[in-house]
Amino acid sequence: MSDNKHHAGHSHEEHLREKHLMLDPLPRGQMNDMVMESMLEKPTWKFWVVVGFLSFIVVYFLFFKWGVLIAKGQGEAGVMRPDYWGIFLVNTVFWIGISHAGTFISAILRVFRAEFRRPFTRAAELMTTFGLVQAGFSIFMHMGRVWLAYWLMPYPNQRMLWPNLHSPLTWDLLAITTYLLSSTMYLFLPLIPDVAMARDRSTGWRKTFYKTLALGFRGTEGEWTHLRNAMNIFAFAIIPVMFSVHTIVSWDFAAATRPGWSSTIFGPYFIVGALHSGMGAAVAVLAVIRGTMKHMKYFIRGEHFDAIGKLMLIISMAWAYFFFNDYMVQWYGGDKWTQQLLHFHEAGPMGWMWFAMLVCNIVIPWAILWNPKWRATPWLVATVGIIINFGMWFERYIIIPISVTINRMPFTWRLYKPGIEVPMGIGTLALFILLYMIASKLIPLIPVWEVQEGQMAHELKKFGRETVVSVSELE
Amino acid sequence: MSNKFSRRDFLKLAGVGAATTAILTGCGPASRFVKREPYMQMPEYTYNGLSTYYATTCRECAAGCGLVVRTSQGRALKVEGNANNPLNLGKTCARGQATLQGLYNPNRVRGPIKHTRGERLYTADANPFQDEFADATPNMDWDAATQAVADALKNHKPEEIAFLMGMAPDHLFDLVTDLAAATGINAPVRFGALSMFESRATLSQAAENLFGHGGLPLFDVGGAEVVFSFGANFLETWLSPVSYTRGFAGLREAKTKQRGTFIQFESRMSSTAGKADEWMPIRPGTEAMVALAIGKLVSDARGITVPHAFSDVDPVVVASRSGIALATLQHLAGIFANSTAALAIPGGAALGQSNGLAVAEAVLALNALAENFGRHGGVFFSALAPNQTEYQRPASAREMQEFAQKMADGKFKVLFVHGVNPVFELPASLDFKNALKGVEQVISFATFPDETAFESDYVFPDHHSLESWGYQRVVTGPAQSVLSGAQPVVSPFYDTRATADVLIAAAQLAGGEFATALPFTDEVEFLRSKIAPLMEEKQSFFSAPDLNTFTAYFQQYGGWWKTSDGRRVPNTSNALGREMSPAEAKFAGEGEFFFVPFVSPTMAEAGANKPWLQELPDPTTTVMWNTWVEINPVTAEELGLLDDDIVKITSEAGVLEVPVYRYPAIRPDTIAIPFGQGHTAYSRYAEGRGKNPADLLGQHFNEAGDLAFAGMKVKIEKTGKQQPLSRLESIMGVYGVGLGEEK
Amino acid sequence: MTEPKAVDLLAVFPDLEPAANAIEHLRSIGVHDECMNVISGIPVTEAMLGRPHQWTNVPRIAMGGAMLGFGAGFFLAYITPYVYPYPIQVSTQSFIPGPPTVVVLFELTMLGMLLSTFLGVFLDSFFPNYRPMKYVPEVSDGKIAILVECSHIEEQKVTDVLKKMGAESVKPAEAQHL
Amino acid sequence: MAIELKISEVKMSAEQSGKWGMVIDQDICTGCQACVAACAMENNISFVGEVDSGYGRSMHWIRIERFWEGEYPEVKMTANQPMLCQQCGHATCEPVCPAFATVHSQAEQLNLQVYNRCVGTRYCANNCPYQVRAFNWRDYKRPEPLSNQLNPDVTVRRVGVMEKCTFCIQRIHKAQDVAKSEGREVVDGEFTTACAQACPANAITFGRVDDPESLVSQLMKQSHGVKHLEELGTLPNVTYFKGG
């Protein structure tokens, strides 16, 4: 079928079709079937082994250890004076960062009609939601008396107290809640037509499942109109929310009276950093999906990796810019504590991490992503993505536990040695992957209707001798 | 400044107020104890939330500071200084503050126990944070206990009975002394590790040699302008730290004159030296010659004929030997010479050397040169405490050696031990533990299950000091003659009994001359018999028509003292005329390092069983919960040592493995280890924690019979093992270690 | 619009073009726009089918939600500080902090708006709705279905038009469980 | 109506310089740790054991800092510096707590820590430039019968709660109550904090800084008084006299 057509002619036109999903349309029915198959295909034993392994990690490292932490207190973790904040918050920031890619791809790219986004908006959106779940977990792990976490909720209570709106943490709470809810809804809306499709071609419990999710969607003009409107509103409105979330997270640090932290550039710096790690994670996830799930090679192609690769390169440059900007200003300020801190970053016991951060976030992406051919190589770009995520995790680690080592009271300086945080952090990662694997079996990862919409809009057009891709505005 | 004093006066008043509460609360002789009531049913005089304050005396060391203890519903809550007491004027040291952790220590001897030597008195691995009942259960009642003591007394010849007692409390010492005097049993021997490290014998001996009669010199630091201290760590544990600290504050604040200058000669910077304007890292053993040299240079500077005492010393030689440049010596001499109120203090490690006596004499001679005797900011003889005819110094180490020898030779059949823990405190080489084997019956009155109690046949626990009656003579510190009074602030927590009561009862049982020797119904009656004579005294802080009221006041105010200055002026006629030898000290054992043990300022000899004292950072190293050896960073580098590396220290007497603290303020040829840790018993907080430098000490004494504890040389070798010391300070922030290479 | 003996037809077209024509002809034979409804697997705009503009309340509901959210934010930021038993002062910051207020207002406004947008979709399209409905699964294969519900024009005529316009199948539509 | 009233109160207190203050003379502080012990005894501070105390988890409310200057033999120990909560007028720890667990007291002009509101985000400690806040990393228990010495006027903190020096607020209140019952003002020096009371060198002076007559105010007038990290605008209420 499609394959032989691909490898048939080698004319420029054929080449273009081969390259671009949008120019390589298949009947909608066939695409539906492909997506359904990818979802319904019987999991191999490997799949179950992985699921089992991950579930064990989640149960033991995440929940059991958490129980220990609650029972014994934060002393189980590596935190102390002056490192009152540790890996838990590193992970919080890290996961929130990951979650930004989803919104970026499915909202910003949608607003700007970047067509290559179409096949993987959902995959990205899933990342957002699942990532935020991990962020939430991590921040609760951090609390000394997590059983009282509900005290931070604004509701009338017998304590006659409302949350302290002066505190960046309260803003965090509001922002993250908002972001989690809205990104989940934003994940769900475009999903409706696809589950409706799945509903029409499934039986048994899945039928009921999809039927319930589809809410009785038929695809009447009215339904489509409401959906379209809603999605447009979301696409525009969720962008500022996304920006606000990580800006506020950055304020947790920027608002503090600490050398190295009180920096006005932290907001954008963090956002770019978030996108940096987010894109890296997204591309890695895509590569896995493409590699492991049936028919995905049709939907996710080199062009997509190439496109995301470009974004990664740009973002990496932006990150470098902000990093240097921050560094330069801190360095120039000449405050002795900041000087000490910068010195500690580079030459201190964790100096290797500082340099590793630069290598992972700048050197490697730049060295590889400039090349279109490499950029179109899924495994390569995915590797870069993973490396970037290491780099960005390092960055957060440097900003939090390493930076708080240096304060204005040298008598208290101490180096942070992680404890129970490490297994619990691994637990969050496992949970993220686990959720994703389960989701991949339950909901269509490819928004078929969006793909078809796109394919309708694309065509090859002849200008003189040259055949070029042209897109027509449907709306 | 006047305000400060006015404030201090106010505190006094407050104290009186507190004390007044005490008498109101019926703690006169009428009621002996305050019962510890459940919170539901309180004694009639306590109101919910209202505290009752009792004045008593601190027994963490022998200085005899007055305390006012806040109690509530029969529980002791907080220890404050007694503002009335001229010794400490309402102040306390850290150890005093932590007394309560002794009172409520989870490992106390809970009642009379007959036990086989070497047997444990509490379970070994009791969790420091859980309330585990970890103590040996009493296996006999007090009647049996008293009987046992009585038998021990009457079934042996008087010369076979010996009493070994601590520096506190004095009333018990007096009681035993009376007993001994009347019955011919051996006079009680007193000893304490602090007194050993203070070299008290040397001090009074030197005073005797110079001034004709012995006694404990009192150095009026507060009044001086220039203070030269030769090893005296008077801000830590030396003699009477609280009052000397107040003196130091006076020296510094110096409202009426210039801010006083303070110079410390010491091979290792103690926390006292840390407060000095100049620290002279003097080569151990050269203190005497340095003192003499300064004396000579001062005389030169003053242009007077060099007194005989300083005549045969050559500053140039001294400079080369002591490591203090001649210029510096002259500069120091200048400071000393130009001051109208210069003061020189001998003490600490300087005296604990083979030539300790010479050092003490030389330094006292400096004072003679400064002509400060009996002058404001000068040297006095401490005021004798009431009911004290002359200064009774504790046993010197050599006397303890003889004592131990007698024990080993089986001269003693019965040994009573109270208030002292010789097995831990004496040098291991003296092997007191084995000497005990020569004694048929060892009866310990220990409150805590200490090493000596472990080696006893009977443990008849005395009350904790806060549960006890008594008094303590203030041997030095204030101008007045002071007797600090002690009274129970809470009822005994366990089935303990006052040793005085036990002895009195036992004496009655023993009958005969014992009974006549102690004709008292109990401890309190004995106390009153001792206090009664004070009623006749003139210029007393308070007076009363009858003994009951007098005793009541005695308890309220926490003692009795005169209002007049009781300090005596030494006769210095021939102080400078004596021959003084600038000879260097001789050091025992081969090895390249001078070994300086010093008493831990926060722990002292008996603090190790109090968790909060363990968690107090050492003033100089901020190390908590452990023992360390201080080594100069340069030396450490030569030996390839880093912080926390365990080194093996070998002296002629023993071997010790201690983690290293690279201490920037110690001579490269010297190492120092704090004394106070390294217990093999003494509660879950002390046992197995740190090391005891006494294990390294050999049996060498100075001319006065004090232990030459600083007179040894030791070898160091790296073991390759490590043990992280927990410090409060940040190695990064304070020493720049682990911050990355220098900018 | 469903009367007992109403003609209910469901025509399935392979593509957009014929469907659009069909709609045009139906209109010409007098079938009102209200009587027609298009079911499609992808969002096709009214313009493509030459259909009248579709009315939606989502934007208004969103606006309303935004206002509610703003109200909530306002309550948090400006009212709650006064419902404490005593004024709680932190540092020397003003009782009602300026910039943080903006943050709170913003977040809650957005939250309100997005929640209500989501809700709006439900309200407008009567979600969730698990009652039987007139529907053909082929729609999700990209086919375009036209649902004609008329009583005033005879069935045969409509069927012919639809057939003529290239409907793959024209059959009476009966509601089924999706 | 009532609301305006409250606002004005807040405004006023915000402008006030502070009420209780402390002066510490580093020149005579001998670092003897008496204040540390006294503080622990007065305020029911738990000990944490060797390992935790070595890992920066000791809970001292007051610590004595000392540094070194120069190399042997010219090495000097810097003047001991007792560091405790500076009871800032403009405290950086207060606004960042999401639960209002650390707030500025209207009455005492102190920096309060409300234990039972604390949820343990540890932001306050992180944001304290003086690093004087102590966190209950574990449930450090006192074995019986040590708990008999617990001060009934001071809350015993449990795991997960932040704590810090309170200027012995329980003593302040006691003194105020007594004074009130006797119908008078609290007299300067009538009471003092545990640390000041114990200090053998009398290096710590505590009192009313808003009363020009008080000893502490007079000392503060002296030229060589320093306030730590004043440049951060924290308005600390502890003045230090540097050594030498």
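When the chains are written out, they are named A, B, C and D in that same order, and each has its own residue count from 1.
In the analysis below, contacts are C-beta pairs under 8 Å (C-beta built on N, C-alpha and C of every residue); 3 or more make two chains touch, one makes a residue touch a chain.
This structure is a prediction, so every number in the text was calculated from the model and none was measured.
In terms of C-beta pairs in contact, A-C outnumbers the other of C-D and A-C. Ranked by separation of Cα centres from subunit B, the top chain is C.
Distance from each chain's C-alpha mean to the overall C-alpha mean is smallest for D.
Separation between the centroids of subunit C and subunit D, computed from CA atoms only, is 63 Å. As a whole-number value, the distance joining the C-alpha centres of subunit A and subunit C reads 30 Å. Rounded to whole angstrom units, the spacing between the C-alpha centres of subunit A and subunit D is 45.
Between subunit B and subunit C the centroid-to-centroid distance comes to 90 Å (mean Cα coordinates, whole Å).
Those residues of subunit C in touch with two or more other chains are numbered 88, 90-91, 93, 97. Multi-chain contact residues of subunit D (touching two or more other chains): 55-56, 63, 65, 67, 92, 94-95, 97, 100. Multi-chain contact residues of subunit A, defined as those touching 2 or more other chains: 161, 164, 166, 409-412, 414. If touching chains are joined by edges, the resulting network of the protein chains shown has some other shape, matching none of path, cycle, star or complete graph. Pairs of chains in mutual contact: A-B, A-C, A-D, B-D, C-D. Residues of subunit B that touch subunit A in their complex: 728-730, 732-734, 738-741, 743. By the touch rule above, subunit B contacts subunit D in their complex via residues 3-4, 6-8, 10-11, 14, 49, 72, 75-81, 88, 90-98, 100-101, 103-106, 126-132, 235-236, 241-242, 245-246, 248-249, 252-253, 259, 269, 271-272, 274-275, 277, 279, 281, 493, 601-602, 611-617, 619-620, 622, 624-626, 632-634, 664-668, 689, 724-730, 734-735.
Interface residues of subunit A, counted against subunit C in their complex, comprise 27-29, 32, 154, 160-162, 164-166, 171, 174-175, 177-178, 181-182, 185-186, 188-189, 193, 196-197, 199-201, 211-212, 214-230, 233-234, 237-238, 240-241, 244, 248, 449, 452-453, 456, 474-475. On the subunit D side of its complex with subunit A, the touching residues are 52, 55-57, 63, 65, 67, 83, 92, 94-100, 117-123, 125-127, 129-131, 133-139, 159-162, 229, 232, 234. Interface residues of subunit D, counted against subunit C in their complex, comprise 3, 6-7, 9-11, 13-14, 88-92, 94-95, 97, 100, 102-104, 106, 235.
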